[in-house]
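The next part holds the structures, each set out as structure tokens.
Below are two complexes that have subunit A in common, paired first with subunit B and then with subunit C.
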Partner chain A sequence: MANLARKRILTVMGNQGILIAFVVFMVIFALASPKFLSLDNLQSVVRSSAILGVMALGVTFVVISGNLDLSVGSMMSFSTIVVLDLHDKLGPSLAIPTMYLMTLGLGGTIGFLVGYLRLNSLIVTLGMLSAIHGLTLTYSGGKNMDIDDKAGTWFSFFGQGEILGLPVPIILFVALAAFLGVLLAKTPFGRKVYAVGGNSTAASFSGIPRARTVFTCYLISAFCVATAGLIQASRSMGSQNTVGQGLELEVLAAVILGGASLLGGSGTVLKTVIGVLILGFIQNGLLLIGWPFYIQYVITWIIIILAVWLDISVKRGKFWATI
Partner chain B sequence: MTQSTPALRLEGIVKEFPGVKALDNVSLSVMAGEVHALMGENGAGKSTLMKVLGGIYQPDAGTIYVAETPVVMSNPLDAKNKGIVFIHQELSLAEELSVAENVYLGELPRKSVGRVDWKTLYEKTDEILRRLKVSFNARTRVGDLSIANQQMVEIARALTVDAKAVIFDEPTASLTDAEKLVLFEVIDDLKSQGVGIVYISHRMEEIFKITDRVSVLRDGQYQDSVLTADTSEEAITRMMIGRNLDLSRAPVSHELGEVAIEVKDLSCGASFQNVSFKVRCGEVLGFYGLVGAGRTEIAETLFGLRQPSSGTILLDGKETVISSPAIAIREGISLVPEDRKTQGLVLGMNCRDNMTLPQIDDMKAGPFVSDGAEVALFDLYRDRLDIRTPGWRQTVGNLSGGNQQKIVIGKWLSMHPKVLIVDEPTRGIDVGSKSEIHKLIRELAASGYAVIVISSEMPEVLHVADRIVAMYSGEIIKTFTSDDVTEDNLIQAISGIKPK
Partner chain C sequence: MNSEFIKRNLSTSAIWLFIVVELIFFSVAGQYLSLTDVAFMDGGNMLLLLKQSAPIGIIAVGMTIVMVNGNIDLSVGAIFAMAGIILLDSLSWSIFSGIGDWVIVVSVLLALTTGVLLGALNGLIVWKTGVDAFIVTLGSMLGYRGLVFMFNGENPTSNLNWTLVDLAEARFLGVHTATWVFGLTVLIVWLITRYTVHGRNAYAIGDNRNAAVNAGIRVGPHMLINFALIGFLAALSAVVFYAGSGSVNPNDGMLYELWVITAVVLGGTKLAGGSGSIIGTLGGVIAIQLLRTGLGYIGADTSTVNLVLGLILIVVLFIDRQLNVKGAQELKV
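So, the complex of A and B:
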């Protein structure tokens, strides 16, 4: 009986744990800092989380399909640098689609290697992390990119514009989340992603094209990265080559925090959004209560470890490992 | 040559599982210096008996004696230390380590401060290897050895203790003929050193070649022991079957339709060669043989998971190339695979999603999956197959084996295939579900499906199949009809003996 009760607790914590944690953090920070729950602050957290969030949406597909994508950080730097450079050469209306195509080319390469050649995604994307970084530096010659005529272009719209008082990055994040959420939860393609990630052999035995499904997930991830790069470039109108450095781990943290299993087959877009917001609110809350900025990295790590531990505890029905 | 004392003696061993008496008062003596064959059909209790001997299961009653001393084994290591050693069919070696490290794994000789005493390790190992007359030495990397030589390493491992009894479980399953001879020499050698040997195999020729005595288990009961020299294949076969086969009956004949699938001279590398057969609509064709006889590989080839090296497949009389499961599905072939947990189901998904998976692209309302259509399909097959689940949201991994298997069958029935292949349809599921699934297979045939049933259980093929293909190491030995099938014939055919 005690066993059963513990399993129940684990299940509830596993299913709703992330929401419980979210509420707990919000309450703690709200009590510690009166500014925390102000509308201004909430909006600024969401806006600053938008870039991370957009990237996490794509990585959610990759993780559910049973793979990893550690290249999104350096791929985002690539997109940002490329679109800034092309802006002055081709004008924004040509620069943006060209940048999207180039980024999708990178995603397609990874998708081909992981999907069709069945190479290990950790190796492929870890290699891509540095390969793309090299590409970016080669492209830019190592220099920072800037838009010359910052005032005379509508390019700033994606990062700084507003529609009906809502910042465009937030609108892009929400719209993309809604679209991808429906794609994952409601379409045959989404079901295939879960099947391939849950058991790729059984999926193959059911006639599901494993390789094409994985390939498409990496394309989706690249599309999201390109969008994040667009927001980043448009917001700052100039960039270093390393703007996305380290983001791959934050993105992965958000996805795992949301409850997607690294083994594949589980997770949702909504949960990832919650994971993104938790990360954002923790970083913001720590700043508001006056903790040193860099401590957020430590706290984030602790939270991720707790989330992973909880996830594995639910799966094995025990908190502790035996044998 | 045979010494008078038993190396291993079992007395009144009983092991019960809920609802099944897996071992019912089994007594057995293996003399020192004797090769003792243990035979029985699948499910006769051999593996349970081995697990009792290996300390994996504790017997409910009875005593095990090693060299006439009663012993209780709490785990496999304990069994080994008490003189009972297993040579398993599947090897369990660390390929990247040397032979010596594998032989003494976990018990490497030490010097001071925990350093490994390599000199002693290699010396002791080479000494054992000399006894086995092998061509490699203690420093060889195990991964560089052939399968047969790896088996020798397993045997060497057995010899690090003072083994009283060595148990070989289907040791020749993955060996070539030449490698078998080497193995038999080693067994002979062990025998001359006074070790009692238990030899488990389905292969009659081996039994007659190397064993001194044969004991037979049937339905968990010890039948008899006979001297190999005094018996015959027919007599052993009779002992193994012997029961009143109320299960077995000639399948009801009904109108057969057109030939749904015909296979001509199909070969696939080393898996199977020149296989030809036909299945008509309304017919159940059984494939019977030992594990590794090539049956599953044929099924996987028909389903597009493997590509044949030569031969043709005709569906409805038309030659068809099946290069992927998606094409097989489109051509009306469905496969209920051998292992439902790894091949048949996504265990973390719910019942409904598993069932609709192969046709998810056709379950659309606009661009979206139609919830209503999916639930309707699930409900239909839940009722038709009597799947017991609290609801479609239930995670498949939480269902019983029988219900899981019904989900897999439902998944493929709902595709309305012309040819339904079921590989080991009742492996690891309870008796009740078993007979339900048998009944279902008969009903499906009666309603016009062409069904191929692959099974390692003789009662099962006899019960459900109209004709039975007997396979042995990649070849069809004979196709039996209900007129000429007998259990003796079947057992002999799958042991590689061609009927006269």
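So, the complex of A and C:
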């Protein structure tokens, strides 16, 4: 009986663990700092998480399909630099679609290598991380990019604008999350992504085009990265070559925190959004309490391992691994 | 000559072939493009190249055995920085003020112990919780970096001990200290993988974990030892690197994990585990450093290095897929 009860507790905690952690943190921070739950603060957290969040949405698709994407950070630097450079040469209305096409081209290349040629995604995207970084440096000649006429352009709309009092980055994040959430949960394509990630061979035998599904996932990821680059460029109106460096692992941390398994086949868009928000609120809450920013690294470490450990414990019915 | 024989030899010695091609290419291209009169294959140039490859190379040796074991370690960059801080900071701790230059020995031991402990903590978590090593070390990459920042905030930790600098700059038989340490590391870990029970079991576990468990191998302790070993080597790399430079920035070592994994994969180690060799990794490390030095020699800038390195990694992976029989079959599905 005791065993059964323990199992039930484990199951509840495993399934809702990330939500429980989320609520616990919110309560702690709300008690510690009265400013934490103010509307202004909540809005600023979501706003500053938007770039990481948009990228995490795309990576969720890649991870569910059983692959990894380590190149999103340097790809985001690439799209930021490209759109800033083209803005002065072509004007914003041409620069943005061109940047999207170029980023999709990079995503398509990765998708081709991983999907059709069946190369290991970790190494391919590791190589692309380095290659795209080199491409960005070559493109910009190593210089920082700046928009000349910062006041006379509507380009700032995506990063700084507001619609009905809501910041545009938040609207973009929410809209993209809603669209991709429906795509993943309610369409045949979404089911194919889960099938390919769950068991690639079985999916192939049931007539699901594995290669094309993986390819599309990388295209979705590239689209999200381009959007993140657009928000970043428009918010700062100027950028360094290394603006996205290191983001790939933070994005992956958010996706894992949301409960997606690196083996593929599990995870949802909503859970990823919660993962992103947890990271954002921890960062913000610690700042409000007055703790230095690096404490969040340690806390993120502990949360990630606890979250995944709980998830695994539920599946095997035991806390400790027996090997 | 049957094709199987050619294939096997091509895939194991490909990296050395690549190094020869690089040497020839940069020697010839250097004749026309280089700004200096020194030949590319000049002895001093090559010795410097080996010295520069030591910090990444020492960690890559550890990464090889961890990856052969079927795991991966993304936290090596943070362990590297932490060990460097312990090394330099402990040089000036007041409890050691009475022992003169012996403090160097104590500090080095402290730094190495730090590496072993941080590595072993990773290993213990992987062993006891059963969470995938990628996730555990992705987390500790952040967590250990947090510890690094806690030590001295965002300020660099600096301490120039001239005896230590002399040791780092010393040459024995014309070869730099760093290169000696790198060479010894390669030799010792190669012996471990070839001639000890632990080495054999590491391969067995990486190749087929269930079979290893059924054969009575205790998987967990072996993984713990390997993680402690890579922690030790990351710290050793920090000792070699910071003995000469004397200053640690809290952001040091970031992206080291990616460079190290690139070198190991170039050297022919499989991510899935069970295959790979220390000698291949040595080739991978040298190939990368040759590429960096060579491209600099013919006047290309750093952006080209990144671009070329990334593309080579993908091409190597593709060729490996084609040569590997199992991979070739999978391509047809």
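Quick note on the criterion: the second predicted complex is superposed on the first by the 320 of 323 C-alpha atoms of A that agree within 3 Å, B and C clash if a C-alpha of one lies under 4 Å from a C-alpha of the other, contacts with A are read in each partner's own complex, and residues count from 1 in each chain.
We take it that a contact is a pair of C-beta atoms (placed from the backbone, for glycine too) under 8 Å apart; a residue touches a chain by one contact, two chains touch by 3 or more.
Everything numeric in this text was worked out from a predicted model, so none of it was measured.
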Side-by-side fit of subunit B and subunit C on subunit A, or clash: fit
Touched partner set for A:192, first subunit B, second subunit C, both or neither: first
For A:133, decide between first (touching subunit B), second (touching subunit C), both and neither. second
For the combined three-chain view, what is the angle at the C-alpha centre of subunit A formed with the C-alpha centres of subunit B and subunit C, to the nearest 10°? 70
Which of the two partners, first being subunit B and second being subunit C, lies in contact with A:118: first, second, both, or neither? second
Tell me which partner A:204 touches in the superposition: subunit B (first), subunit C (second), both or neither. both
For A:266, decide between first (touching subunit B), second (touching subunit C), both and neither. first
Subunit C versus subunit B, contacts on subunit A by residue: C
State the minimum pairwise Cα distance, in Å, between subunit B and subunit C in the overlaid complexes. 5
Note: overlapping subunit A surface for subunit B and subunit C spans 204
Could you pull out which subunit A residues touch subunit B in their complex? 182, 186-188, 190-192, 194-195, 198-199, 201-209, 265-266
In the complex formed with subunit A, which residues of subunit B make contact? 303, 305, 324-326, 328-329, 335, 337, 342-349, 353, 357-358, 360-361, 363-364, 367-369, 411
Contact set on subunit C toward subunit A in their complex: 74, 125, 127-132, 134-136, 138-147, 149-150, 153, 213, 218-220, 254-255, 258, 261-262, 265, 271, 301-314, 317-318, 321, 327, 330-331, 333
Of all residues in subunit A, which touch subunit C in the complex? 70, 113, 117-120, 122-124, 126-138, 142, 204, 245-246, 249, 252-253, 256, 262, 292, 294-298, 300-302, 304-305, 308-309, 312, 316, 320-321, 323
